[in-house]
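By letter and in written order, the chains are A, B, C and D; residue numbering begins at 1 in each of them.
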Amino acid sequence: MLLALKDVWVHYRKVAAVRGISISVEEGEIVTLIGANGAGKSTTLRTISGLKRPSSGAIEFAGERIDTVAPDQITKFGIAHVPEGRHVFPYMSVVENLEIGAYLRTDKAAIDKGYEEVFEHFPRLRERRKQQAGTLSGGEQQMLAMGRALMSDPKLILMDEPSLGLSPIMCREIAKIIRDLHQLGRTIVLVEQNARLALALAQKGYVLETGSIVLDGPAQELRQNDEIKHTYLGIASTGEADGKSDNA
Amino acid sequence: MAVITVLAVLCVIPFHMGLSRVDTATVFFISVILAVSYRLITTTGDWGFAHIIFQGVGAYAAALLGKHAGIPFIVMVPLAGLVTALVGAIVMYPMLRTKGFGFFITSFAFGELIRMIWVKVKDPFGGVGGIINIPMPELFGLKLFSLVNYYFACMVFMVVSVFIMWRIDRSRIANAWKAIHTDDMLAECMGVNVARYRTLAFTVGCFFAGIAGALVAYRLGSIDPHNFNINEMVYLVIWVVIGGAATFWGPLIGVTLLTVVFELSRELEEWRPMMFGGILIMFLIFLPGGIESLLPALRRPPSEHYARFRKWLTTLRPG
Amino acid sequence: MDLDTFVQTLLNSIQTSSVYALVAVGLAMAFGVMKMANFAHGEFYMIGAYVLYQVYQLWGLNFWIGVVVAIPVVALLGVATERVIFRNTGANILAGFMATVGLGFVLQVAALQIWGHGLMKRIDTPYMGAAEIGDAHVGWQRLIIIPCAIAMLIALRWFLYNVKLGKALRACAQDPETASLQGIKVRNMTMLAMAIAGASAGLAGALMAPVAAITPYMGHHIVIIAFIVIVVGGTASVGGAVVAAIILGFIHTFVTTLVDSTTAAMVGVGIMALTLVVRPQGLLGRETP
Amino acid sequence: MALLEVRNLSKNFGGLAAVSEFDLDVEEGEIRGIIGPNGAGKTTLFNVISGTLRPSGGSINFEGQSIAGKRPSAIAAMGAVRTFQRTALFEDFDTMGNVSIARHLHAKETIFGAILGTARKMELANERRAEEIIEFIGLGEVKHELAINLSHGHQRALNVAMALAAEPRLLMLDEPVAGMNPGETAVMTDIIRNLRKDWGITVILVEHDMRTVMDVCEQITVINFGRKLAEGTPDEIVSNDDVIEAYLGSEDILGEDF
C-alpha cells in the first residue's frame, strides 16, 4: 500500500471538517474522493500534504508516518499537490513555474528529461513556455499546475478539483491527460465534484458527506449506484425519492 | 473608592514636592488625556500615527486664538478640542478608504502634511520658530502661571476628560466600535454604518487630543512643530502598547508606569531611547497584549499558575 | 531656470534617484515577500555609513574595502532583525512595524555609544574634484553612487530572474503556500529577503557617507522617503519601487531647487497620501518581484 | 408585488461574469432555497443582494424600493438582514453582548446620551428583547458564555440570533448548517421553520447541505455559471436532468474514445 489514512480527524478551530476517515491507495491506481462541496475533500488532501495537521489519526506513506511532516518537506517523500484553483505563480513564465516544481531536484539531466515529459503531455505549454503564467487561460493554468507537479517526479499526485471552472472541451483534455498519467504508472488521488467524470477515470472511489465516508468501493460499482445521486441531491432514500419524482 | 483615594492623594501631593516634580505631574495629566483618547480611536481597529499631530492642532488653535482673539482659558481649551475634532473629521474622510496598515501609513502621511504646513506657512503658524508669547492662562482671576495652580487646572481637565471617555467606553457606541474592530463587515451587515462610526471615534479622539494640545500650549508658553514630531508619537505608541489597548485601563497603566520609569532613568539620559526601544520590542514579542493582559492572571489561584508553569516547562524540552 | 541650473539640477536628480532606488528597493523586497514593514531600514543605512567611517576614516583602509565590508555587516543585521523581530510578530504587520521603530531607537543609541556623539563625523572625500558641464558641476564622489546603484539593481534583477534561489524568492512572494508545496522553505526566503534589504541599505549608506552628514539620526529622513517610494510604486513591487524612486528623485530635486526643501517634502508626502487614498495598490499595481 | 424582486442582475469581476441576467422573486412568507455547484455564483448573488458587493447591472427591489448599490447597513435598516457563511461573531463579547450589539438599529444612542446615561430605559427594553431572541434560538443556557467558547453549533445559532436582533422582514442565511453534525443540523432546521411560523419572517437560504434545503424549502432556485438553471419545488428540482448533470457532472464529455 502506498498511502493509508487511518481514522483521520481534522478540525478548523472548533469545527470538525474531516471526521475519522480511512482511505487506502495502492501503487499505480487512481483513487477518487467525491462528494458535494463542503464534504471535506480538499481538507483531506491538504492534510496529506502537510498544509493542515490532523487532530488525530495516522497518515502513512510507503510505510512511513507523514502526519507531522511540514509541507516543504512533503515533496522529498515523493508527494506532489496540485492545489484547488491551480495556484500557478502568476508573474513567472511557464518554464520558471516548471523549474520551481523541480526545486529540490539537483540532477540536471533528470530535470531536462522532466521538461521533455511535461511538454509531451502538454504540447500547449511548450508553445507558451515564455509566457507569464497569470496570462494563461484557466485550462492552460491547470495544465501548468499539473506539469509543475510532475517536475518533482512524484510517486503520488494529489489533484484537487482539476475540472473546476473549465469548459467541457478543456475538461476532456485534462481527463485524457490524467488517464495517460495513470497508464504511465503514476498513482493519483483525485478530488472531484464532477462525480461522473471522476468515477470514469478512477479505479476506486470514496464518497464523502460532511466529513465522513458514506460509501466506497470500485469505481465501476459506484457508477451504477443510485445512492451517489441521492447523496449529491440530498434525498433521504431511494424509494421515497422515486415516489416523489413520480408525483412531480 | 480607589478612584477617590487616588484623587485625594493627587490633591495633596503638589504641596509636598519640588516644583519640577509638580510640572512632571502636570505633563503626566496631559499624557493621560492623550493616551486614553488615542486608545479610544484604536477601539475601532484604526491605529493611526498622527495623534500627536492632532494634539498639535489643538495647541496651535489655543495659541493663535488665545493670543489674537483673547479667548479666556476656560473657553479656549474645549474650543481647541472642537477645532481639532473638525480637522480630524475632515482628514478622516479620505482615510476611510484604508484600514489596518494602510490606515496607519496614510494617517502618518496626512499628519506629516499638517506638520509641514506649520513649518511652511509663516503666517499665522510662525514656521520653524513656532508661536511664542502665548498669553498666560488665567482662571477666575487666578493666575495659572503658578505651577501648582496649573497642576490643579490640568488635573480637573484630566479627570473630566477621562470620566467622559470612560462613560463613552461603557456605552453602546463603544460596543459598536469594538464590533467594527473585530469584524467590520459583520458590523455593517448588522446595521452599523461603519464609515460613520469610524469617523465618530476618530473625531471624538481628536477632540480630546486637542484639549491635551491646548493644555500643552499654555504650559509651555510657546510651541513649534518640533513639539509634535514623530518621536513624541512613538512614545505615545509605547505607552499604549505596553499598557495594552483592549481595556480602558491599559493606557492608564502604560502612561503611569512609563512616566515613573522615565523619571527614574533621568541619569541614563543618552541610553533612554535604547531602553524604551528595547522595552517596546520585548513587549511586542513576549507580551503583545500589554500589562493589562496579565491582570486576569492575578485572579487565578496559585495552583493554576503552577500547572501552567509545568506546561510551559514541557515546551522548553527539545522535540 | 537657466540652462546651467537645469543641467545641474538634472545631475542632482539622477544622483538623488539613485540613492532613493537603492534604499527603497530593499524595503520593497522585505515588504513584498513577507509583508515585513521595517522602519529601522533607515538605521540600516546609517549603520552602513558608520561602518565605512570606521574602516576608511579610522582604520585608514581603502574606501572600497569599507564599502565591501558594510554590505555583509548590514545584511547580517537584516537577518538578525528577521529572526528576532519579524519571526515573532508574525502576520501582524503593525506590530512588526512598531517593533522596528523600537529597533531604530536601539540602533541610534548603539551608534551614539560606539562612535561617540557631538558633531557629525567628517570623512575625507576619497574622490576630490567635480564633473563640470558648462557652469554645472557635481562632485565625483556624488556621482559614484549612480553606477553603483545601477550595478546593484542589475545584479539584483539578474539574481531574481536567473538564479534558482532568486526565482524561489519570487515564487514565495507570489504564493507562499504553493511555494512551500514545491519544497521551498518560506522562512529561509524571508531571511534572504531581509539580507538583500540590509545589503542594499548598507551599500547606499557606505557610498553616501563621504557626502552626507553622518549622525545617528541620518536614517530618519531616508526611511520616510523610502516608505513614500514603496507606497507610490506599489508595496509589493520591486520594479515599481525603482520607477517611483526615479520619479520622486526628480520631483524632489527640482522642487527643492525651484522652491525650497520643505515644499519638496510636502509634495512627496502629498503624492503618497494621494496614492494611498486613490490607488492603494500603487502605481504599478500588484506586480510582484 | 413580491417582497424581493431581482431583475436582470449581473456582477462582473474584471472580464469574468460571476452572475448574469439573473431574475429572482421571493414572496412574503416564503422559505426560498438557492443552490448550485461550487463556484456557481451563489455567494456572489448573495453578496450583491445584501449590499456587500455592488451590482454591475440590473435592479434589486425590496418592498418596492431599490436597494441596489446601497450600503449593507442601509439595507439592514430597511429590513433585509444577512448572515455569513463563515462563523462571524464578536468573540470578546458573551452571547448577550453579541445579540445586544446586533440590536444596534433599534437602539439609537448619541454620544451625549452615552456620556449622560440617558438611554437606560431603552436599554432595558433592548435587553428584554435580546433575551427573548436568545430563548427562541435555544441559547438560554449559554447566555453569559463568551462567544469564542461556544460550541460550533451554538456559534452558528448565535449568528442567526444576531440577524434576528435586527428585526428583519427578510432573513438571508448563508450556509447556516455548514460544519454541523446531524443533531445540530436538525435543531437549526427547526429554527428556520419556526422563523416563519412564529415570527412571520421570509427566509432565503443558500446552502450546500442539500438535505437541509430539500427539507425546509418549498421553492428552490438553482444557479450555475452565474445563470439561473432551474426553479421549482424540491421534487421538480431533484428530477430535473440539467440539475442532476450540474451536480454530478457528466461523463459524456469524455467522448467515444474512453
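The rule is short, and it goes like this: contacts are C-beta pairs under 8 Å (C-beta built on N, C-alpha and C of every residue); 3 or more make two chains touch, one makes a residue touch a chain.
This structure is a prediction, so every number in the text was calculated from the model and none was measured.
Chains that count as touching both chain A and chain C, per the definition above, do not exist in this structure.
On a Cα centroid basis, the chain most remote from chain A in this structure is B. Chain centres here are Cα means. That of chain B falls 41 Å from that of chain D.
Averaging Cα coordinates per chain places chain A and chain D 32 Å apart. With centres defined as mean CA coordinates, chain D is found 50 Å away from chain C. Each chain gets one centre point, the mean of its Cα atoms, and the points for chain A and chain B are 54 Å apart. Under the contact rule defined at the top, the touching pairs of chains are A-C, A-D, B-C, B-D.
The residues of chain D lying in touch with chain B in their complex are 50-52, 71-74, 76-77, 81-82, 84, 88-93, 97, 100-102, 104-105, 107, 109, 111, 113-117, 119, 123, 162-163, 165-166.
Chain contact summary for the complex, chain C toward chain A: residues 164, 167-168, 170-171, 174-175, 177-186, 287-289.
Residue ranges of chain A in contact with chain D, taken from their complex: 12, 14-17, 36-38, 161, 163-165, 168-169, 171-172, 175, 179, 192-200, 210, 228-229, 232-236, 241, 244-245, 247-248.
Per the touch definition, chain A reaches chain C in the complex via residues 49, 51, 70-76, 80-81, 83, 87, 89-92, 96, 99-101, 103-104, 148, 152. Residues of chain B that touch chain C in their complex: 47, 94-95, 97-98, 100-102, 104-106, 109-110, 112-113, 116-117, 119-120, 230, 234, 237-238, 241, 270-271, 273-274, 276-281, 284-285, 288.
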